[in-house]
Structure formats: C-alpha cells, structure tokens
C-alpha cells in the first residue's frame, strides 16, 4: 500500500461520502457546505493525477465562484422556505425516490460493467510513451497549447463568457421603472 | 524549453493562415462588440440603434459567408478544431437567415418592444448564439462540440427567459435551463468516456480506431451518452420533453428562432458527426447510426403528429408539429450523402414556413387576443389576408401539392427510396410508410385552424385586420413558399 | 323508286306516324284536337300496314339495314325485317289499334288530361309496331322495354287512384324481371355468334345451324361452351315471354292492370302487348330444343287451366276477361310447345279480334253503368256483374256483338275461334300420340279447360244481359241506353272479323286456312284423320250442354249450384293466393334484405370503426376525459386509434421537469440495453 | 396557346379576377362564372368535334392529340440524377368525352348556384379553382402534374362542403378529405417509386411521363417496379402492390363498396351545386384514374386482379341498390344509386373486353348527366321546403306537373330504359362482362348475371320512390304552407334540366356520338393490357 | 501509480450520485448541485485520462474549459431561478407545472 494509494483512497472516500451526504441531507445550507467539501476532495484528486493547474483553477473558479453564487441565490430565495422547512419535518416524497434510486443504480452497474469489460488500463494509448511525468512543467505546456492548438475555442469561450455575463446581468437586473 | 520553439512558430503560421477561413466568425465577434457598445452608450439618443447595427452586421456576415463557397472542398483549420466544407456554409447561411428573420420579428413584436429593460441585450446574445451555431456547423473536435452547444444553449436560456413578463416565461426558461444543463452534463460525461477510451478528441480516423479497440457496446454506451446532448438540441423523441412547454412559454419570436435556428444547428452538428463517423469509408462501423436514426425518426414522427391532434394552444400545436418535422427530416439523414440536398431544401422551406406561421400566430394573438384554436371562431372573415396566408402555410406544413412543402417532402421521400434501393433494409420502408401515415394525420390537426376560422361562425364582434410590417413580411414569406412549390429549381440549383 | 324498296319506307312510315303523334300530343297540340291527330296518325299507319301486308304475304322477305354504331370490332346495325310473321303482326296491331282509337274517342271523351292519354297510346302503338318489324334482337329488346314502359304509363293513367299506381309499378317490375331473362339470352347468343341479327342467326343459311352439339359441348363459330348454356338461352327467351304474356309464374300483374281505362286494356292487355311474348317465341323458335318445348307446353296448359278456374268465380267483368286472356295465351303457348307455330299465330290472330271485341263490349257496358251510377249516385261498383242484369233490352247491339265474341271464345263452329282452338287441340292430340303417358294428359286437360272457358263466358253473358237490372232505384231502365255510335262501329266490325270466313272458306276444318299454310311447324306432326272429326264434335257437344246449363243457372235464377264461401271458391277467388304468396315470398324478403344491408352499412362498416376505435382508446386510462377533448364529429378508425395513441403519448407531458429527465434517461437506458444486450437477454 | 391550357387555366384566371374584384359586384360573380363555363363548353365542343377518331393514344405517345409539353422542373439531385417534371397535357379517346362532360356539368352547377346567398366571392372563387383542378386531372399526362391537380381538387371541395353545406357539414367535409387524402398519400409513394424506375428514352434521366411509364422498355433493370427485377415489397410482388395501392386510391373516388361511406354523407351535407359536381364529375375521376393509370401502368397486375375487380363491381352494384331501396332521404337514395351505377363501371372495366370497357366509359358519361340531373331535381324540392324525406310528400304530380315530367325522365333514364344512354352503357357493360370468359377469361359469367340483378333493383327503388312521392292523392307533411311554396319549375331550372335530358336521350339514340371517340382508345387499352 | 480504472470507477460513482440528486431533490438549487456533481465526475475522467496525453494535454485543457463554462452556466441558471422565485414564490420543481398538456 504505497502512500500514494492511501492518499487516493482517502480522497476517494471523502468525495463519495460528502457527495452522498450532500444529496441526502435535508437542509440546503448543510448540503451546500458538503458540496464545498466534495469540490475540495476532487481538487485533491486532480493534484494526484498531475493536474495541478486544473486543481487550482477548480478551487478558485468553482469553489470561489459557483459556491458563493449558490449561497447568495439561497439567501435571496429561501427566507420563507427556510422557516417553513424547519416547521415541517416530514419525510417528504419518500415514495418518489424509489424509481430514481433504481434508475441510478442500473446506470451505475452498466458503467462499472463497461469499465471492467474494456479494461482501460491496458489500452495502448494509455501505456504509450507519451506520458506526463511529475517533473513536467504542466503550466508551461498548458500555456503553449492554449495559445496554439486550443486558440479557437479560447476565443469562442471569451465571447461565451461575455454573453453569459450580459444575459445573467439582464435577467437579474431590477426593472428600470421599479 | 526550446523543443517547443519551432513547434510554436509553425502553429502560429497555421493560425494566421487559418484566419482566411473564419471571416464570418470574425465579423460576428466585431458586430458583437459594436452592439454591446451601442447598447451601453448610444441607446438613450437613438432608440433602435442596436437593431440597425445588428441588421447591417448580419448582412455583412451574410456576404462574407457566401464568399466562403470559394474555398472549395473541406479545409481543416486550427489544428483540427474546425473544418470548413460547403455543407457547413449552407448551414451557416440558414442560421443567418433565421437570425435576420428573428430580429425583424422582435422589432415588430409588441411584447418585446414594450419590454422595459430594452432589447439591446437580446441582440448581443443573439450574435453570440449565432457564433455558437457557426461553430457547431464547423466543429471537428469534441471540445469544440461541447463549447458550441453550451454557447447556443445558454444563449437560448437567456433569450427564453428574456422578458419573464409572467410566470409562464420564467417557468419555461427554468425548465429549458435545467433540462439543457442535465443533458449537456450527460454529454460531457459521454465525451470524457470517449476521451478515456481513445485518447483523442478530434473527430477523425484514429478516434474510430480507438473505439474499435474496446468492446463494441462500451463504445456504444459512450456514443449514446454523447448523442443525448445532440438530441437535446434537435429534440427528437427521448429528448423532446422540454420543447412543447418551452415553445409555449417563450415569447413568440424566440420560439420561432428556437424551432428554426437551433434545430437546424442540431442537424448541422449531427451531419458533422455522421460524416466523421462514416468518413473512414465505413471500414470500421463502430456504431449503427443508420438503425438508431431510423427507429428514432419513426417514433418521433408518430409522437409529434399524434400528440399534436389534441392541442388547443396554437403554439403548442406548432411545437409538436416541429417535432414531427424533425422525425421526417431524419429520414433524409438516413440516406447520408444522397440526402444532403433534400435535407437543405427541406430545412430552408421549413424555416420559411415556421417563421411565417409564428409571425401570423403572433399577429392574431396581438389583434384578437386569442391563443387557442377554439377561440379562432369566425376570424377567417374579419382577418382575411392573415388567415389566407396562414392557410397556405399550414397546407405547406402538411405537404399538399401546390406548395413547396410538398416538393420538400417529395425530395425526402425520393432520397429515402434511393437509400432503400442501395441498402434494402426494411426499416427505411417502414419509415416511408410512417411518413405517409403521419402526413395524413397531420392534415387533421393543421386543418383545425381553417375549420374554426372559416367553417364556424360567431356572433361576437371581431377585430378588423391592421395592415402592418409583420403582415407584409409574412405575406412575402407565404408568397415564397408558394413560388418555390411551383418553381423549386430556383433553390435546388443553388444547392449543388 | 322501284317496287321493291317502297315497302320498307312505307313500313317505316307505319311505325313513325304514331311516334310523331306522341310528340305532337304530349308537347305541342292543344287538348281538343289531340284526339283527331292520334286517330289520323293510326289510320295512316293502318293503311300503310295493309299495303305492306299484301305486298309481303307469301312474296319473300325484305331485310334492309343501316349502320347504327361500331363498338370495338363489331358494328351494330338497325334495320327492318319484313317476312310473313311481321307482315301479319303489323296488320293485326295497327288494325286493332285503329279500332280502339275510334272507340276511345267516345269512351274517353271529357277526361281532363286527354292529351296525355292520346300521347301514351300513340307511343304504345309505335313501339309495338317497331317491335314487330325490328331486324335484330337488341332492337327487339329495346322496343320490348318501351312497350312495357308505355303500358306502365297507360295502366297508371288515372294516377290519382292508388290502386292504379300500385298496379303499374307491379306491372313494370314484373316485366323488368322477365327482361332479365331476355337480356341473358341475348348475352349468350352474342358471346357465341358475335351478332344478334335474326336473319344472320336463324335465317336459312344462318350461323345457328352451323353450331354442333357434341358430348355436352355447344361449339359455335366464336366459342364453345357447355350445352347447359343453350338451355339457359332458351329458358331466357321463355322467361321474357312469360312476363310479357302474363304466363304462370309472372301473370299476377295482368288482372291488376285492369285499373287502366278499358280501351287500353282491350288494345294492350288483350290483343297486342300480351301477344308480343308469343311473337318473340316464334321469332327465335329454332333455339328451342325438346326439353324447352315441353316446358313451354306444360307451362302453357297449366296457366290455361289455372286462369280458367279463377275466371269462373270472378265478379268484376274486366278481371274475368283478363283471366280469360291469360288462359287463351296459355293455349297459344301450348301450341308453340307442341311445335305447331302456325296454330299459335292463328289462335293469336283470332283471339286478338274476339278478345278485343269482348273488352270493347265490356267497356260499353261499364260506360253505361258508370253513367247510370253517377245519375243515381249509388255507391256500388259499376264493374261488378252482380249489379248488372237484363241489359239485352237496353243495349241490343252490344248484346249481339258480345254474344258473337263469346261464341268465338268458346270455339263454337262458324266462328274463327272454333278454327284456331281446334287447330291447337287436334295437333295437341296428334302430338300426344307419340309421347309418353304423362304427355297424353295435356290434350285432355286442354279439352277440360276449353269447357271451363265456355262455362265462365256463358256465366258472364247470362249474368250481364239476362234477368233484371240489380241496381236499386226504380226507373233505372230508362237511364241505360245503347252505346254511342263511335263505340258501336268498332264492335260491329270486330264481330264480323270474329266469324270464320275471314280466315278460311270451310267453316269446319282448319286445315286450309290461308294463315296456317305459311308457317312451318318446328316439329312435323303426321295427320291422324280420325281426330279431325271426333274431337271437334265431342267438344262442341259438351259446350252446348254447358251453355244450356249456365242458362238455367244464371238466366232463370234457379237454386245456386255453387255455394259461395267454400274453400275451393275462395281459393279461386283470390287467384290461387299467388299475390299473397309473391308478397310473402319475394317482396317482403327483398325489403327486409335491403333494410338489413343498410343497417350493415350504417352499423357494421361505420360501427366497425367505432368498436375498434373504442378498444384502441381503452389503451389510455383517461377515457371519459378523452371524449370531452375529442373534436366533435371525429369518427373513423384511423382517427379514433390515432386519438387514443396521441393521448397516450401526450400523457407524458406532465409539466414536471424531473419527471421528464427520469423518463428520458429511462428510455435512453432501455434503448441501449435492448440495442446491445438483446441477444444476451 | 394550346387549347387545353386555355381550357384548364381560364377558370383559374376568372377566379383570381373574382377574388380581386370589389365585393360590391356580388351580382356579377355568377354571370362571370356562367360566361366562363359557356366558353369552356365552346372550347371542349371544338376539341370534341376536331378529335381524330383514328388516333388511339393510351400507350402510343405520338398519337395523343392537342399535346403541349414544356419542361417545367429540372432539379439536379446529385447522385439521384436529374429530376425531370414536364408540364405535359394531352388527350386521347379516354379523356376527351370527360372534358365535354365536365364543362356541361359545370355550366349546370353554375345555374344551380343561383340559390347560394352567402359569401359569393369565396364561393365562386373556390368553384372556379375546382373547375381548373378537374379539367387539369383529365388532361394531365405527367404523373406529378396529375397528382397536383388531384390534390388541388380536395381543398375547394373541403371548403365548399364545409362552409355552405348542411347541418353535419364539418363531419362530412373532414371525412371526405381524410378518405381521399389517405388514398392519395400512398399514391405519392408509388409515384416516387415509379419515378425512380422509369427513364425517359430521349433525355435519359428519370421522368414522370405517364406514357413512358406504360411501356416496360423504359424501366431500368434493377428498379423497384421493373418487370424483370421481380422485387418484392413487404412480401408482395412490387408491381402488384403498386397496382393495389393505386387502385385503392382511385377506388375511394369511384367509390367501391367498402370505401364508400363518405359518399352519402358528403352528398347529403353538400349544397346542391357541389353535389352536382361531386356526383357528375368527381366519381368519374376515380374511374378514369383506374383506366388510365392503374390499367395503363400495371397491365400485368391488372390481369391477375381482374377477378377481384369484377367481384367488387358486382358487390357494389347489388349492395348499393339494396341500400338505396332502404333509404328514407331522397338525396341519400340517389347517392347510394350512384354507388350502384358506378359498380357497372368497375364490372365493365374488369371484363377487359372492348364492349365492357367502352360500356364502362359510356356509363361514366351517362351517369354524369343523369346524376347531375337527379341531384338538381332534389335540390329544387329542398330549396323550396327544406325537406327531402320521401314519406313527407305524396301526389306531387298534381301540383308540380312539369317537375314530375322531368323527374320521370330522369328516373326512367337512370334505371336503364332503352332510348336513354344508361341502357346502352349498362347493357354493353354486362354483355362485355359476360363475353369476357370466352374472349380472355378475365371474369366468370356468373358475375354478368349477378350484375344484371342490379338493373332490376334499380327499377324497384326508382319506381317505389316515384309512386310514393309523385302519384296518388296530394298529401304533404307541411300541409297548405308547403302547397303554396311548391310551385312548378321556373325558366332557369328548366334551362338547366333540358340540356341534360336531351343529351341523355341523344346519346341513347345515337351512341355513335360517344362510341366513335372512345373506340380507338379502348381497343388500344385492351391490346395494351391483354395483348389480344 | 494509480491505475486509470480506479479514477473512472470513482467518477462513475460521483456521476450516478449527481444523477440521483437531479432526479430527486425538491429544491432547484440542490438540483443544480447534482448537475455540478455530474460535471465534476466528467472532470475527474478528463484529468485522469489526460495524464498520458502529454503533447496535446486534451484532458486537462478540456477540464479547464469545462470549469469555465460550468461556472457561467451556473450563473445564468441562478439568475433564472431568481426570476422564477419572483413569480412562483417557491423553487420546488414539482410546483412549476403551469405549462403542461
């Protein structure tokens, strides 16, 4: 059991448990917090598979941006809901879950079955030479690629972000007249 | 460090050389910026400035796109990200046409013009969406596919929720957003599986070899998950649930744009994917697209037409009818290369008829306030011009002879028959029979409109018909639909 | 115009003159002079027919044709065929018609739509004349139906009387039924020989004689079919003749046809139209083989016997005469059946004269009784012989002519009837000698029938003319007086014709009548001398006895010999219940079948649509709600099934976003599993 | 300009003029339409009499007359070759009588349209559009053009029945539309299949030209409908399946028994002029289609299925007549009688003999005149008292003598009284049917005999109606009020009825007027189908 | 070296959990969290597989783009949710069914 595997299993367990809890728990605040923990664990996994720049982006953009946004949205939208929830402690709509659980498990088994059957590890492109090593300077490679191979999507992404900004701002803006 | 230096220089040359192929996209980005500036600074003085800027810039982009025909056969740019073919140029022209008609529709739509937050932002979002569509038509890389689909989808959520004047539009946009987000998440997961199995994102031969190496059904699983995202854009059967509610809820111009623009973009992307997967001279047939499209087409046609029988809300009925037309169009795709010309012709006619239909429906809603077909009693007499052109449009949607809808259906039947002769699979035969049966069924719900408008009388006083720009445009469109029915070669000669 | 081709033009003139008068009377000529137009036109055609008769009789046939239309390869022609048979018939028809026209001048005077009457009568005459001289069977069929149509018009002339309207519908439909047989026979001949021209078919060198009948096959120039079809062709013609001449299965229309004016009955239902059946059988006689001939004979004699028994008990004067016509026609059929066409035609000619005379006298009597009834406005039936009596004093001339006609009908010597009836009876005996025992019955039955004939005509004469007038009211004798001049003249002329000398010099033996010698019999009968003397003597002896017996019975009102309401009496009175039988056996089932087929149409075909539709709709759970949403008037199968299916699809659109996603993923998964793992499952 | 094109598009132009004209000219519309129909009669009369009887047409392309062939659509479909659609009009013996019949019936329908009071502009525009479509159907020799005119007929009829019809007009209109469209959509599939199988000998690319489709040489080897390829669709030989589908599409129009339920509803609900056109001409389109297209393009399949066609014909005759016997409503009775009379057409066609086929064409012409006359007569009573129940009238002869005269002419002519055209037609259809067993064994003899029962039944229901409604004492359901309303024929009505009665009589007495024109083509068709 | 299959197993689990959340949760924001889980699952796959794609770095580059896109789409989604909240006063997906057949 190399230390590397131990860390992997720790992070994997962390991801699965926090995700499950985030989904099962009733109150929104706790689920957002658990979502926060899951994201951190995933960032850890990224570091493990030599994606350090991606891990950092994940933490800054995802955790910093998305999570905070959700908290604001929650604050703005669920005041009454929060107290009504507290009062009504019923185990709401348990029956409706059964089909969803069955469906998800079925999908899970199919995915696992597919992975096991296609024994991904022995794939020739995986074992081919072209392998990242710990010492590689991933940021430099990403930078070069960004500016050469992925230049077109980069530009399109910029327009996409600008549009999302205008759109979200338009929707959220209060009407001029009010 | 230096091992990259020589690599960088020639890729930079490739980039500069590539610019020549993406003039329209550059034009779009420039106009995107222009619109944003005009919206921010000048809108106070000249109220409709963003509209005019968008219109002019679209016209310019239109001419740029036409020039792109000169490029000749397919040209891969930006290290395999996008590939430029004559086929994608046709699709781009269709997107532009749909966008222009959308702008004109917005300009004449009462609901949009009275929107307090102004329509400037809408034009900006539209241009971005247009750029996304162009990328969909040209994408040759799975990342590019995901990025362009996300651009178009997010833009459409914004457009659907743009006014959110009442609960319905908000509900429509949230449903659209959630369903879209879920589908694109599934698609993303599909792409990640494909990437893990093959190691490359470019839709080319080595992706096929990669998929060939792994067991056939795990590759099938990955591609199926990937197609879920695509299906969302084209809204064929399993992925169609969102479209009736969204089309009914969204403002009418946006619905018109969605049923035409984004649906055609879906077809463009499916065309790109099919071409990629079949380009290797189907030496390696990884995934039986033929069978999938066949079954999905039959079920979509049946669902779209049969469910439409019940609709009383005219927009909801047109939504179901557009699902029916999607099914019918997929019949053209089955014939792959042979069906391209009939596909483009059908899409062009479908674009004209659908936009005309929505404009007329909007005009009726605006003047008589009736949205349900059952409240169209006696309108036939009081709004003669509107309802005559609506009748011709509906006849074209049904596919009865004098109109171009019939020629379009005829060409699709022809291409399907051609592919039946070469492949001989009875599935295509069943598709043609379903096509014929659903045409008869479609007659029934399309003719509910003239049934109520003409055949039924009402005592209540009915509004007079106002002769305005919207009516002129829809009359022009109806006239085109009729003329292309009688002289279709005007269009088909352009498509080679 | 050389001698030879004037005749066809003249005969054509004879046919077309009445047609011209039909057009004039119906549309152009005012009511008042329509009578004169009609009479003058029939007069011209009578003169023309005499001219043609004397030119054609025993002087060879004339047959001219003109192209009508070509259809496919065969070209159809229209033409005239004048031989002895048609010459005789044309003379007979136009003669009788001319007399009836004169008679009608008086009889129908004062009727408000008299012009229609003259129009219809002229149409009848032209179509009858046309029938007689047509040269191909299709043309005969055309005139055959036109004759039926004009009789329909004439029977229903007084169209306000429901009985008349019922009668003419019945007459036309029965004739139409007969025409089916005729048409079928035409079809067989055409498919075998490719032509319907009588001359080509049955002429001496004709096609029919080329056909051989070997081993159950009928080989003819154009095709060979099984022998059965020859029988079917024969029976087709017979069936047509039966309908027209009111023989056994299809005779019930004639007694009802008495609803029409008596003048009409005298012309159509005595002399001409009913004779057309016999004329047709003689025209196509070569077709019939032995079995068909025997059936004709049997039907003929059976009808004769049946009709005479019914006539015994009838009380309406015209119905008695109608049944007597049926029975006399039965005799003619018998004559054809035993192969002696000449006797049939001879009897047809003589019967035409005396039966027409009987009807005219009956007409005069009814005319006077009707006049008297109106005067006294008594509400009794003026045609019922029980109300008449002792008219010989008031109408002596009518009495004399009617007695002559009655004697002719019984076949008493010195009358033409004697000659023609004897011809038939004797040849039937000669025919029976060589046949089996059953066939021998026929002549004896014929003899019995002629005796019955004598009895019922005697009953009629004595009831009408002897005893005293039975209508109430005292001074009725003064009201009834002799028939007007126009009615008497035809009666007298016909009385003269009913005597023997018009046909043969020797009043007692029929052999040398000029008429018989011309027509060759289809079966050669060797002459047995003894019959020629014994049978007539026997016949007349009993006839006289029956007349005397009837005289006692009716003239001097001794005890009533027949009790009124015995079973047999009622059986005969209602015409052996044929009418009721037909009504139950044919008319009711046809109407029932048609109602049933309409209900099929409404229930089953449209119903099938509903039943299957409903089972389709059960597919979706919300059936009741569905009907409310169902577009009104949307009924048929595709519609219902599509609506059911459509609703099933639509039920997924529940509006809840998560439900959508769940269904979507479920469908994608099932599709994937089925697509890849179906062989495994 | 080619006569046929003028004849076809004259009404369309007039229709557009009416649409554009200010609605103030309401009165003039009917006169414009009448003028158009009269001009049409003149043109079709001219064509009829200048028609060269010797030229046979059917499958010999150069023996068609008054031809006009202009290339209309030339689509280049890449790998599928060039789509060649011509504007190809032409007539031969089979279609020339129908042109004259259509113009005359249209004139009569216009005269009977005097009764229409509401929305005249819409009515006469649709009326003229229908006129163009019908003439087009009879002249078109290009299958695509034929299909366009065939579908174009549906729209005006849907609205004419739907907007001016009786109580259940919507149901009748949509039922009529769905029945015909269901048939014609599958015809579209066969048309597409034929298109891809046939190549034009001159230009070498695919063609819709019906005459080229008729001769097997033009079928490319591996094509679906190629005679030698013996391809099968869904297990049935392709050519047979093609024949059956085309036959069903036209059988719905004829109509044959199982597919006839739309006819009584459509007739009962349609206004009088529309039901005159519906009965007078539209039923003939079905018969003409079977002769020209089903028998022309699939002669081999025609021989196999002739037994079934004969059976359907006989069933239609007997079933239609029995239904007519059970009707209470006069118009429904005449509708069912049309089903029965059209059964003769099918029987005559199935016999594949010269007499049978010529008889069936003659039956279509004569039924055109007679059924138009019958529906016009029913319309007269209906417009006066708005009631058609046979039981409600008795003794009409006394109060309406001239009307009764025309009714008797119409009834006796339709039940096949000699002297009128129906007798010649029905007699020769039956003779042909009977004769077919010796000539080519197409249909057995008993069918002719069963068919002749139809003549008897038609006599029964016509006379029954005549006796119930017209003779006897006058007793009316509406009593005195009806008696005043039921005045005799006006001059206009006589003007419409007289030509029809005269034509039926003239055709009956001189059938050569029609047979001479039909003979050549009928012989050619028989030769084409049976090779004899 | 941790084999790629472990990572893919993990990402499959996370994907399924995300899917379950999307189908079940009564609150739209939790539904969004479910969608984010599914996207993260894909990210894990990308980065894990990207390890052996040195010169194109397909995996890591896609991961970067995806994070950016996901962030933007969440922003727009939340803006729409606020709009919905304004009219429906609740963000329970089951309550949003005025648009139905």
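In order of appearance the chains are A, B, C, D and E, and numbering begins at 1 in each one.
As a convention for this text, a residue touches a chain if its C-beta (ideal position, glycine included) is under 8 Å from a C-beta of that chain, and two chains touch if they have at least 3 such contacts.
If you want to know which protein each chain is, UniProt gives these names: A = NADH-quinone oxidoreductase subunit J; B = NADH-quinone oxidoreductase subunit N; D = NADH-quinone oxidoreductase subunit M; E = NADH-quinone oxidoreductase subunit K.
Note that this is a predicted model, so its numbers are computed, not measured.
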Which neighbours does subunit B have in common with subunit C? A, D, E
Chain occupying the middle, per Cα centroid: D
Distance between the CA centroids of subunit D and subunit E (whole Å) is 66
Indicate the whole-number Å distance between the mean C-alpha point of subunit C and the mean C-alpha point of subunit D. 37
Distance between subunit A and subunit C based on Cα centroids, please, to the nearest Å. 103
If you average the CA atoms of subunit C and of subunit E, how many Å lie between those two points? 97
Any chance you could list the residues of subunit D touching two or more other chains? 170, 174, 178, 182
Residue list for subunit E, restricted to those that touch at least two other chains: 4, 8, 15, 18-19, 22-24, 31-32, 43, 48-50, 52-53, 56, 59, 61, 65, 69, 72-73, 76, 79-81, 83, 93, 96, 98-101
Could you say which residues in subunit A touch two or more other chains, in rising order? 100, 103, 107, 110-111, 115, 120, 125-126, 149-150, 153, 157, 160, 164, 167-169, 171
So the touching chain pairs work out to A-B, A-C, A-E, B-C, B-D, B-E, C-D, C-E
Touching residues (chain side subunit B, partner subunit E) in the complex: 142-143, 146-147, 150, 153-154, 157-158, 161, 164, 166-168, 170-175, 177-178, 181-182, 184-186, 188-189, 191-193, 195-196, 199-201, 244-246, 248-249, 307, 310-311, 316
Would you tell me which residues of subunit B are touching subunit C in their complex? 174-175, 178-179, 182-183, 186, 216-217, 220-221, 224-225, 228, 237-239, 241-242, 244-245, 288, 291-292, 295, 302-303, 305-310, 440-441, 444, 448
Subunit A contact footprint on subunit E (complex, rising order): 1-10, 12-21, 23-27, 29-30, 32-34, 36-37, 40, 43-44, 47-57, 59-61, 63-65, 67-76, 78-83, 85, 89-91
In the complex with subunit D, residue positions of subunit B that touch it: 337-338, 340-342, 381, 395, 400-402, 406, 410-411, 413-415, 417-418, 421, 426, 429, 432-433, 436-437, 439-440, 443-444, 447, 450-451, 454-456, 487-489, 492-493, 496
In the complex, the residues of subunit A that touch subunit B are 110-111, 114-115, 117-118, 120, 123-126, 140, 144, 147-153, 155-157, 159-160, 162-164, 166-171, 173, 175-177
